[in-house]
Amino acid sequence: MSKHRHYRSAEKTLGTSPGTLTYVGQEIEHQTEIKKIEYNEREYHIKDGTKLSSCTLPIPGTPYVNWLDVDGIHEPQVVSAIGQQYHLHPLILEDVMNTEQKPKIDLYDDTVVFVTLKMLHHNRQQQELDVEHVSLILGQHYLISFQEERTKDIFEPVIERIKASSGKTRRNDADYLLYALMDVIVDHYFLITERIGEKMDELEEHIVNQQANQQTLATLYKLKRELAFIRRTVYPLRDVVGVLLREESTLIKHATLPYLRDLADHINQIIETLDAYRELISGLMDVYYSIVNNRMNSVMKTLTIVSAIFIPLTFIAGIYGMNFDNMPELHTRTGYFWVLLAMLVIAVGEVIYFKRRGWM
Amino acid sequence: MSKHRHYRSAEKTLGTSPGTLTYVGQEIEHQTEIKKIEYNEREYHIKDGTKLSSCTLPIPGTPYVNWLDVDGIHEPQVVSAIGQQYHLHPLILEDVMNTEQKPKIDLYDDTVVFVTLKMLHHNRQQQELDVEHVSLILGQHYLISFQEERTKDIFEPVIERIKASSGKTRRNDADYLLYALMDVIVDHYFLITERIGEKMDELEEHIVNQQANQQTLATLYKLKRELAFIRRTVYPLRDVVGVLLREESTLIKHATLPYLRDLADHINQIIETLDAYRELISGLMDVYYSIVNNRMNSVMKTLTIVSAIFIPLTFIAGIYGMNFDNMPELHTRTGYFWVLLAMLVIAVGEVIYFKRRGWM
Amino acid sequence: MSKHRHYRSAEKTLGTSPGTLTYVGQEIEHQTEIKKIEYNEREYHIKDGTKLSSCTLPIPGTPYVNWLDVDGIHEPQVVSAIGQQYHLHPLILEDVMNTEQKPKIDLYDDTVVFVTLKMLHHNRQQQELDVEHVSLILGQHYLISFQEERTKDIFEPVIERIKASSGKTRRNDADYLLYALMDVIVDHYFLITERIGEKMDELEEHIVNQQANQQTLATLYKLKRELAFIRRTVYPLRDVVGVLLREESTLIKHATLPYLRDLADHINQIIETLDAYRELISGLMDVYYSIVNNRMNSVMKTLTIVSAIFIPLTFIAGIYGMNFDNMPELHTRTGYFWVLLAMLVIAVGEVIYFKRRGWM
Amino acid sequence: MSKHRHYRSAEKTLGTSPGTLTYVGQEIEHQTEIKKIEYNEREYHIKDGTKLSSCTLPIPGTPYVNWLDVDGIHEPQVVSAIGQQYHLHPLILEDVMNTEQKPKIDLYDDTVVFVTLKMLHHNRQQQELDVEHVSLILGQHYLISFQEERTKDIFEPVIERIKASSGKTRRNDADYLLYALMDVIVDHYFLITERIGEKMDELEEHIVNQQANQQTLATLYKLKRELAFIRRTVYPLRDVVGVLLREESTLIKHATLPYLRDLADHINQIIETLDAYRELISGLMDVYYSIVNNRMNSVMKTLTIVSAIFIPLTFIAGIYGMNFDNMPELHTRTGYFWVLLAMLVIAVGEVIYFKRRGWM
Amino acid sequence: MSKHRHYRSAEKTLGTSPGTLTYVGQEIEHQTEIKKIEYNEREYHIKDGTKLSSCTLPIPGTPYVNWLDVDGIHEPQVVSAIGQQYHLHPLILEDVMNTEQKPKIDLYDDTVVFVTLKMLHHNRQQQELDVEHVSLILGQHYLISFQEERTKDIFEPVIERIKASSGKTRRNDADYLLYALMDVIVDHYFLITERIGEKMDELEEHIVNQQANQQTLATLYKLKRELAFIRRTVYPLRDVVGVLLREESTLIKHATLPYLRDLADHINQIIETLDAYRELISGLMDVYYSIVNNRMNSVMKTLTIVSAIFIPLTFIAGIYGMNFDNMPELHTRTGYFWVLLAMLVIAVGEVIYFKRRGWM
């Protein structure tokens, strides 16, 4: 997870002029793939492998919603070219390429809404979270989506829906598309949250059944860090959707508001669940410590009781092991047995005393 | 309780278009029961087992308040049909069926107020909380209530009041009915809170009388989780009533405001009580830990004192148990008794010293 | 204190229509006593044992301020009759009788200001706080005060001031009277706070002088709960006075504002003091734990040192207690004394080592 | 410090009418001293020992700023006389004499600004904080300052500045004087804060060098309480200056605002420093506990290792100390030496094992 | 770090009139260096070692942006002279020289924006943070920057950019220059934050691999203090940029807002990262304590088990070491071997019991 902690690789960019395009993410070898999707209620066109030259601002009055789905943000020249053709502010392009940028929304003069957020995948091999940097740029009847070219296209389900039928996505403008893409990402957060929930149920059972060990604590600690990371990723979305909901841009149509409200609601539920988990983890840690402490106490108690019983007896034995010439008891016939009896009485007395005080 | 933790079963709904109806709650076999209640100050009609076809928007100018009491939300076709006949937004229907939806309020263009909240029952058999998902839809002179078909109709007391006399409920419009139904649910929260209060009094007595054990701690932990769950259920209601109180919808009449204010007041009292309980539980845990620690300390102290007294004595005995040929003391007549005396003096001295320092 | 924890006895009122009058406080046998006090700058009339029938809204234009001082809220018919004669909203009457109602203010259409708060007495016999439910209803030139009939009339000092001279109380309208009654109650909070302060000074001295024991901790815990309870009682008054200060009702005259500001100031000082005490208690608990831990440590350390010194010595004695035939040392003339010397050297060496390391 | 904790001596004032003048501070024997200072850009007059009769509201149109510097607030008749001659509200006079009053600001109808605050001195003899109650009353071209007659006049530096030159103080109106007096007091807070900072540096060095003992903890605890007390004294000043900055009174001129902003800035820096210190103290306490715990651990560990090594050896010696007739080993020639060797091997083995596991 | 804790050396300035220039920072021997940079889109002039006399307000209508880069703030007469020639408020000059001043922004009547902030360097020699006090004064077409003359000119990169090309800096007015200088400083914060991040990764690995010792804790504690210090330095910048973003001064052009928004975003990311680190440190401390505790527990447990096994055996040996005449077992032929067998059985039994209970 340590690679996600530094949002911005300072040394790569220190001293350069603001707005300079620098890719700071992981090394990638594939080429950027660009899909162009045009649709309206009646028809749709999808062009895979679109050339840069055909990426242009839609002509005013075009009957289509234009969606440019860019898969790969590691080639500055590509991002820069798209930026030029769509007249995007250089700071937008900087944020598109800066994989360390945290989620945020920026409005540029009512002509462009720029949203950047994080896609989270659960990586089964490494038992870690995969993070993908996603940027969405909404303009007049067009939307440009940028994603790191990591796995498959994460917006596939939306493309499928556009192909499938002339449903809500097809009937609405680009602002609904913005909502739909964000919804896909937020739905993945639910998945991640649920996985963590299952892991925590496991851990809880483990701990409550007293099978926990030092390893359990490490897992709890790791989970806590993971929760904090997800929270930092999800929390800013609250503000992002808040800005959209307050209709600060005319690009957002009134009819899309109920859907955005629903999205805001989902984000809140995720945050709330994350917070509940965090509290639960603290609780589990406390229970774990209490169990460990309790076990240690019972070990120490039992063993100390053993000492407390035998040490006085050994002392008595020691007395009659002394080699004084004149020790009258030693020469009586029953002295040995009386001493054994005395030892027994003392031992039994101690046990009774300890039991009464609730120490055994 | 673990089933209540995930508010939304992500895998069931991932990738579907928003607004798709999916029931995510527990499996239910009964059929949905629909009651239609029409009333005004002079008369009332209650129809059990109403057919779907007779569920329609009341004709403008109808002299009755129309209440559709739907018992069961597991049949998508039923919910969908009601939605169509009352012209409800698809997102409302999604939330009606989504038992994982947390409490919230949504206003749809001043024609519909949509409230969703949770009914809490105390399940005596399993010593657990039962949660029922309830949705209330307020429109012009009508109200639709949806509840999970779990136990009996939770709104029975309100129906009884409508039958009983032409009181406040009968004299007022559907917004008062909305208040009355929410009030029934909030009253149940008081019951739940009181049960927890009694349990905590028990636990406190237990702990203060030093009868607590590891089990007590587990109960405190469970109670803490339960409190957190109830708080998460009750807390959003504050906002729900807040929205109603700010008269953001014209469906809420001015005369209903004092009652809503009273309701808000009750919700606040419940939240405050829950918070006081939570603090109390933390306090009790601290007291418990302190008692456990104290008991452990006194065990360890007593036992270590035993060792500290007898180990030096055993050492002395050990000296005179040595087999050196030339040990003059051994051959004196009173050596043995002097040694015994010395041991006694040492033991008594130690006891006095320990008592003086407050260790015994 | 446990009786104060549940603000509303849910089972007594569950399912009843809102506004139904139910007394939920302690059983009381005395009859309700009603005093009627009429005054202006020139004269005053006080009627003890006023009959219900003479409790009426003052005629518009009356030259007196009318104060109805009702001592006892356990008789629903009395409260209900007063309510009818003064045209009070049923929810007001419900709150007057509901001793579990927390402090609040309600404005009814600029004709009535309803304030409910708690009188706190320190009960010397039981070393507990006595809580009395007080309601104040301010209308046009009249004020009705309700109090639980527990001890003597808590508003006696104000009545005395009215009798004594034509001072500020006599010169002003009913809103000043409202202020004066609230001031009496807040002054009592100062008394309570001071008592707690003294108790804490005692406890602190106890703890710092290391005379604390398990009992001290219990007292601290009880004090902490008491503080939390008082805070919950005082805190809502901040809002109550805030509403009055914002002149949300025309019943509050401008000239009364400085006095209300003074009252708000006193309330803030009490809350601040309570918070400072709470922090102090946490600090004292930490000090207590630290002292207990320290004492335990020094016990364990001393005793373990005893063991560490004598166990090796005992081992040496054990060696020369063995019965091997061929143990040359045993048969030397000075062996015994050399061994004793060795033991002494080891013991002294250990002591020096422990002292050097700061363990003794 | 305990005398500063109760802001208001409740029993002295309980039941009296609000606005009654009662002095609740420490007994004082000196007489109240009144200085009258009149100044403008060209000239100044200072009259020591001014008589009460000459304390009057400046005549409208007077060319001087009038400053009445009252040293002593323990004589109700003096305060009351000044109040009458300057037409001050009775609540102002009550607060002037109430040494338990916490810092606050009150505006009276745009004719009077009333500020009360605390002067803090560091008392070297008793190593305690001395607190002096100061009140400042700003009116049209006049300012009245009240201070407890404890030490010397705390406003001496300002008087010196007025005498010295016709600088900023002389060129400005009474509102700048108000600022100047508050600035003197706030500058003293910096001194106090710095002293605490030095003490904390000392303590930190002490603790980090492991020279801390139980006394250190007590000092930390005392320091924490002192910080909390200072914070409670300084914090309300934020609001006081805030009210002045928002120009809620016309008595504050626009040109004074930069100075007030500077003052607000200083207050914020003090509060921030206090908060940083508080956090530091918590950190130091944690470090202290960790060191104590660590030391205890190393003591216990070392001593327990001693036991663990010698107890098995003593057991072996015990075996060959038994007096059975038939113990073949005893009668071999080299048995004794083999046993000694075995003991050595065991001891060395244990030491190696402990070292390997990092216990020694 | 202790030198950075007291923001203002109170004793140096106590009692002086506000606005008096006093340098409170470290002693410096070099002379103040002044650079004057004039530039516009077409050309630029840079004059090193500018004389005080040529530092004047730019003539209205000048075609250049004027930047006065002052390196050194320890000479009151220099700062004062610049202040006079640019007509700066005395409080600005006081803050320029007061190295203890925390970051803030002040607007003076729409003609001057005054920003003060801190440059942080990482000092490799002393492993400490170096702090440099920086002030920026923005006026109509001019900007004055003051920095402590410590290392090299921290604004070198911006000068280089001005020299290099007629880029964004050259095309824009002085407000963009203000942004550019602040951006340089904030970029350094990223560097510092990253260094801390790396240190924490190291520490984490250390702790998780159980190589931590008392020294690790000290480092964590130091790191925590460093984080708190940086946070106190960075946090106020949020407000500074906030004031600029709200366009409270007309000196800030609309076109600069996106850049300031970007800056605000960076500041937020730094604060967020710092907060995440702080939480991480707390987590690491908990893990460390848990590991230490665990290790101590396992030491104590193992050693106590040794005692518990051998003490009873030693007791048995003690019995048969007694010298009673009549001890029949001693005289049997196989007694010795039976006793040895019994000891073995007891030891093995104890080991099995301890293993079963999970103690070994």
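Read from first to last, the chains carry the letters A, B, C, D and E; within each, the first residue is number 1.
In this text, a residue touches a chain if its C-beta (ideal position, glycine included) is under 8 Å from a C-beta of that chain, and two chains touch if they have at least 3 such contacts.
Note that the coordinates shown come from a computational prediction; the quantities given were computed from them, not determined experimentally.
Trainee: Based on which chains touch which, give the shortest step count from chain A to chain E.
Mentor: Between chain A and chain E, the shortest chain-hopping route counts 1.
Trainee: Mind checking chain A against chain B and telling me if their interface is mostly the same residue numbers on each side, over half, or mostly different?
Mentor: Different: when the shared numbers are divided by all numbers used, the fraction is under half.
Trainee: Turning chain B onto chain D with a C-alpha fit: angle in degrees, nearest 5?
Mentor: 145
Trainee: Centroid from C-alpha atoms only, then distance chain C to chain E, rounded to Å. What do you get?
Mentor: Between these chains, centre-to-centre, one finds 43 Å.
Trainee: Between chain C and chain D, what distance separates the C-alpha centroids? Give it in angstrom.
Mentor: Here chain C and chain D have centroids separated by 26 Å.
Trainee: If I count partner chains per residue in chain B, which residues reach a count of at least 2?
Mentor: Only 300, 304, 307, 311, 314, 318, 321-323, 327 qualify.
Trainee: Make each chain a node and each touching pair an edge, then name the shape: line, ring, star, complete, other.
Mentor: Graph shape here is a ring: one loop, exactly two partners per chain.
Trainee: Which chain D residues qualify as touching chain C in the complex?
Mentor: Per the stated touch rule, the residues are 2, 5-11, 13-15, 17-19, 89, 91, 94, 102, 104, 106, 108, 214, 217-218, 221, 224-225, 228, 232, 285, 289, 292, 295-296, 299-300, 302-304, 306-307, 310-311, 313-314, 317-318, 320-323, 327, 329-336, 339-340, 343.
Trainee: Residue numbers of chain E touching chain A in their complex, please.
Mentor: Where chain E meets chain A, its residues are 157, 161, 167-169, 180, 183-184, 187-188, 190-191, 193-194, 197, 201, 208, 258-259, 261-262, 265-266, 268-269, 272-273, 276, 279-280, 283, 286-287, 290-291, 294, 297, 300-301, 304-305, 307-308, 311-312, 314-315, 318-319, 321-327, 357-359.
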